[in-house]
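Right after this note come the structures.
Shared between the two complexes below is subunit A, which has subunit B as its partner in the first and subunit C in the second.
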Partner chain A sequence: MIPVDYAIFLIAAFATISGFYIQGQEYIGSMVNGQLIQSSIIALISFVLAYYEHSLDLVILGVLIAFLRGFLITYFLDKRVPGRMTYVYETNVNVASLLLIDLAFIVVGIFIIYSLVFTRADLITKFGPSSILVFPLSLFFQGLFLIGSRRSTFSQIIGYIEEENSLVLFAIFLVPVPIIIEASVFLDVLALVVISSILVIEKFRHFPMEELRG
Partner chain B sequence: MLVYTLIRTLTQYFFVVLMAPLFAGIIANLKAKVESRKGPSIFQPYYDLFKYMRKQVLIPDGSGLIFKYAPFILFGIYSLIALIVPIVIPEPVFFTASADFLGGAILFSLAAFVKIAAAFDSRSNFTALGAVRALSFNFLSEATLITVFFAVSLITDTNNPYITNSFLATHYLQNISLEHIFATIAFFMLFLYETGKLPLESSGLAELGMIEEGMSYEYSGKLLSISKWSGYMKQYILGAIFLNVFFIPWGLQSSFPGFLLDIPVMFLKWLLLIVIVVVIETTFAKMRLFRIQDYLATSFTFSILFLIFSVVIA
Partner chain C sequence: MNLIPLIIIILPGLANIFYRVNIKLAGLVSASITVLLSLLLYLQLPLEGLFYVDRITWVFLVMVSSVYLLSTLYSWEYVSSIKNRGISQNNYYLLLNFFTSSMFFSLVMNNYGFMWVGIEATTISSALLLITEKSDVSLEATWRYIILVSAGVTFAFISIILIYYHFGTLNVYTILHSGGSASLVIKIAVSIALVGFGTKVGVFPVHTWLPDAHSEAPSPVSAMFSGVLLPVALYVLYRIYEISPFPQLYTWFAVISIAAASLFLAYQRKYKRMFAYSTMENMNLALFGFALGGVGVVGALLLLVSHSFGKAGAFYSSGNILKSSEKRDIAQINGIWKGMRYTSSSLLLSSLAVTGTPPFGTFVGEFLILYAAVSSHALLQFGIVLFFLMAAFINVNYNVTRMIFRGSGDLKEPGKIMPMVSLISSTIPLVIGVVIIGGFFNVLV
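And then the complex of A and B:
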């Protein structure tokens, strides 16, 4: 039988890969689907941990993630992607360089966090020391990079959702599960997605100079 | 003992040299069958090699010495790699000590360099086109190759490929460790690129898809035969490393004369790899040329990110 930490590490690795998948997409529809996959993977992690720990809390958490993040947020975003016959995509997306810069960003970010913060903070996770937190941290930096590297409002919203996903994953790995944080994150994201969906209609793209105008 | 090692060495070497074209033939035949064509015989690569051997050698005007001797150097490099890595027998043979895993990776890089230098030395626009394309992509593929071998060294605390094979065959759980799984995926992606398989490169001389084929465009006769033979050996070596070190490290015997069973075992392993390759080749369309960098960047990401994660987790 596969030990639980091997299984969790592998599933969490796929969450990181889904982040790279989102980063490499040009079409908004594919990015939304990537977000759906990522949320489903996080729900799966919750279910696997619930099975191993016989924890009802984690089952509820998994159901909440699957429904609210997997279904509801995807539904909201999907509704806002313009018409079926027009394909909305970003131009000038150079996947190879984006992946490599993203990779460098993650590695440097994680190195700084681990060397400056985690060596002093005494975080206890379900797998002992804080090593497994490398996965939520990588998701967090991926979300951050997605926001920074794209101009479309949709991509930036998805980047934000990815960051929230990383917080959820972070919360799942910590002991005990801070479900109140999870609930507040849900409401936060849900409200943001509703507001952002209005924002998307008003302003589809962002350009650096526009941000500087009064 | 010395005689046993000599027999093992000769078995491994001649198996690689003589059987490598056969696997290329099986791939071509099976692919044709899947595409509802009769397809060439599985021995077609041998017929081609012998046909080229008998043909006249034509050397382009202005080409230099590197162009003329590169096929022989490539054949020599792949012959040496064939004795360094456990691609048939899981026991060190003669010349195994000449390089470790990283040495093997550097020899692959050397072969790529010689091939590109020879392509430029032919003074032909077509070969230069293939060489320039290869250079645009190789910076990522070579990096992946090196980091994949770093991952292997990290798992087993050694850079000896024979110990790696033995370690992975006996420590089952290491085969599902994070770095091993993603190193395996990265190496497989690299194998498809290095052997010119779809969706990266369409075999044949269609200008838009040429990379490897483009570089050997000016070769003819005996030189073309040796160049192609080296290509078959490279495919076999990379495939066998993928099978024995990454994907299925089990099933090989080192005892005498039990090691003779390694030949059918390797054959069966290769058949499995061929089925996987044919499924991929007949499922995916060819990628646009400038997308190959994206593909290689993905394989590089797989190889290095999870290597770093594994170090952090450990």
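And then the complex of A and C:
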């Protein structure tokens, strides 16, 4: 590997760490900030690769991530935190045990998807063999786990954005899809976050309901 | 370039220009024109370029435009009489039009990436429709719909990336005419698509949003969901499946889903939830047909077309009953035959249609799918499917006949248009079945 490859591996590792950071938060404001950091890290990866590959598409992708995910989505979410109070947090969350379960979930998930499936498919990324795909995959499972383990609308939206971030990273590492499609995906996600943020006002937390059982 | 698909996509959206004037009427006019254009498109098949429309796509286009027309017409009375609205009447029509546009977009685009975008757009445009009748339960159902479907469909994007990685293009026509691929990468893509798009189709165990959304949505929207949204997702899934068929995986997932739907259906206490599980069963039966190939594909198409009208009829009838009684439990609805002649007829016809009773079109579709299963020597799957189809038939029809004939009720028809639309929609599967069976006997004679 050349030095830039090591740099990309290192930055990608920070994306995974940001996922753990989000998972470890009870305060909604901190989770929104975690999402901002994660999106910025992915935008940075796109810019670094654009510089070394002289790719305009990756520059546009980086700008899209920074503007739509980093700025607009953070803005919408931040605006919807009730009363914009930084102390709004999710109750009944045992962060320590959730982090442990999250770790176990990721290890098992990656073992199944990566070790048993992806390695056999001989996927060749820009950085040689597919080991770098572990980072987007871990991010994907973290997003899924956040959706599954939390009750608040905010946490679940952030889990969904994390899932989407993982796919952007996956595509950057494997093969960036045409920018027009990537841009449409970004707009879709933005629209979905806007729609979700409307629901946040009406329903902040989610619990099982008798009427929806069975 | 043929402009008809483009017009079909933009026409429902174009109706929204009349948001402040008369969006209701504009929607109805656009729905009528899209039905005509969809039918006309048959003369120009196949299309390839920016759009990819073959005969299979055409069947779906006709389904979507027809149910859109029926739902717009049904909404005319239904939506205006809603008491506790979550969104305004104009917003309802605005979203319904965008929702339909996104379904057309998913169907006709000649690009797997845009198909994915279209499917995601259907979630965005339809989510707020679920809170038209606002309650704490409908808000929860809406949220579950958004988060579960989006999370699932996001997973499907991995398969889009893998397809692009392997073929270097996302052009549907080019990929389908490249002779397929036995590569493991594509096998993974096809498998991931089953879980990803399968979330929207209602494949077990990623179906959990389906009964909640169907039961809490206003009836014309439930009809659109059951009748056309799920089939559109199934269409996209089938287009990916066609790249490299993986029948073992798809048929077993479909069979397990049919069994699960039939079991869930057995203990439902609410009629709209019961019909939602029936949709899950029918979608997976169609998936089973698509996965078997050959005559199974014909069967799946026939099943989907007949089911779309039959299930729309079932949800419209449910809407009529809900409007009159304001009750959702099967046990609370008795003897509707007395005061609701049209609704009880449409409910009976539609429940017979969606359970594959002869001579409805669904029966012909189911027969062809089961025939394909026997021809493919999938005898174990055939046996399981047959058993659970019979179980679903008994459950649905037992509950429906109880609602119609047991005791005496004092419910009255909620309007004039709603019962008529219900009856028209429920009769179409019967007409389809009679025409096909009649045509078949003519050929024999």
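Simple rule for what comes next: the second predicted complex is superposed on the first by the 194 of 214 C-alpha atoms of A that agree within 3 Å, B and C clash if a C-alpha of one lies under 4 Å from a C-alpha of the other, contacts with A are read in each partner's own complex, and residues count from 1 in each chain.
Basically, a contact is a pair of C-beta atoms (placed from the backbone, for glycine too) under 8 Å apart; a residue touches a chain by one contact, two chains touch by 3 or more.
Model, not experiment: these values are computed from the prediction.
Chemist: Report clash or fit for the pair subunit B and subunit C bound to subunit A in the combined superposed model.
Modeler: Taken together on subunit A, subunit C would fit alongside subunit B, as the superposition shows.
Chemist: Should A:I73 be classified as contacting the first partner (subunit B), the second (subunit C), both, or neither?
Modeler: neither
Chemist: Go through the superposed model and pick first if A:L99 touches only subunit B, second if only subunit C, both, or neither.
Modeler: first
Chemist: Quick check for you: in the superposed arrangement, does A:Y6 touch first (subunit B), second (subunit C), both or neither?
Modeler: The answer is first: A:Y6 touches subunit B but not subunit C.
Chemist: Would you sort A:L167 into first (subunit B), second (subunit C), both or neither based on which partner it touches?
Modeler: Only subunit C; A:L167 stays clear of subunit B.
Chemist: Under the stated touch criterion, name the partner, subunit B or subunit C, that contacts more residues in subunit A.
Modeler: Higher number of touched subunit A residues: C.
Chemist: Between subunit B and subunit C, once the two complexes are placed on the common chain, what is the minimum CA to CA distance in Å?
Modeler: So the smallest C-alpha to C-alpha spacing between these two chains is 19 Å.
Chemist: Take the contacts of subunit A with subunit B and those with subunit C, and give the residues found in both.
Modeler: No residue of subunit A touches both subunit B and subunit C.
Chemist: If we count contacts the way the header does, which residues on subunit A are in touch with subunit C in the complex?
Modeler: Of all residues in subunit A, those touching subunit C are 117-118, 120-123, 143-144, 147, 153, 156-157, 159-160, 163-164, 167, 170-171, 174-175, 177-178, 181, 184-185, 188-189, 191-192, 195-196, 198-199, 202-203, 206, 209, 211-212, 214.
Chemist: State the interface residues of subunit C toward subunit A in the complex, per the touch definition above.
Modeler: Going by the criterion above, the answer is residues 111, 113-114, 116-117, 120-121, 123-124, 127-128, 131, 136-137, 139-144, 146-147, 150-151, 154-155, 157-158, 160-162, 164-165, 170, 183-185, 188, 211-212, 215-216, 264, 267-269, 273.
Chemist: Where on subunit B does subunit A make contact in their complex?
Modeler: Result: residues 140, 173, 176-178, 181-182, 291, 293-294, 296-298, 300-302, 304-306, 308-309, 312-314 of subunit B touch subunit A.
Chemist: Which residues of subunit A touch subunit B in their complex?
Modeler: 2-3, 6, 9-10, 13, 16-17, 20, 24, 95-97, 99-100, 103, 106-107, 110, 114, 131-132, 134-135, 138
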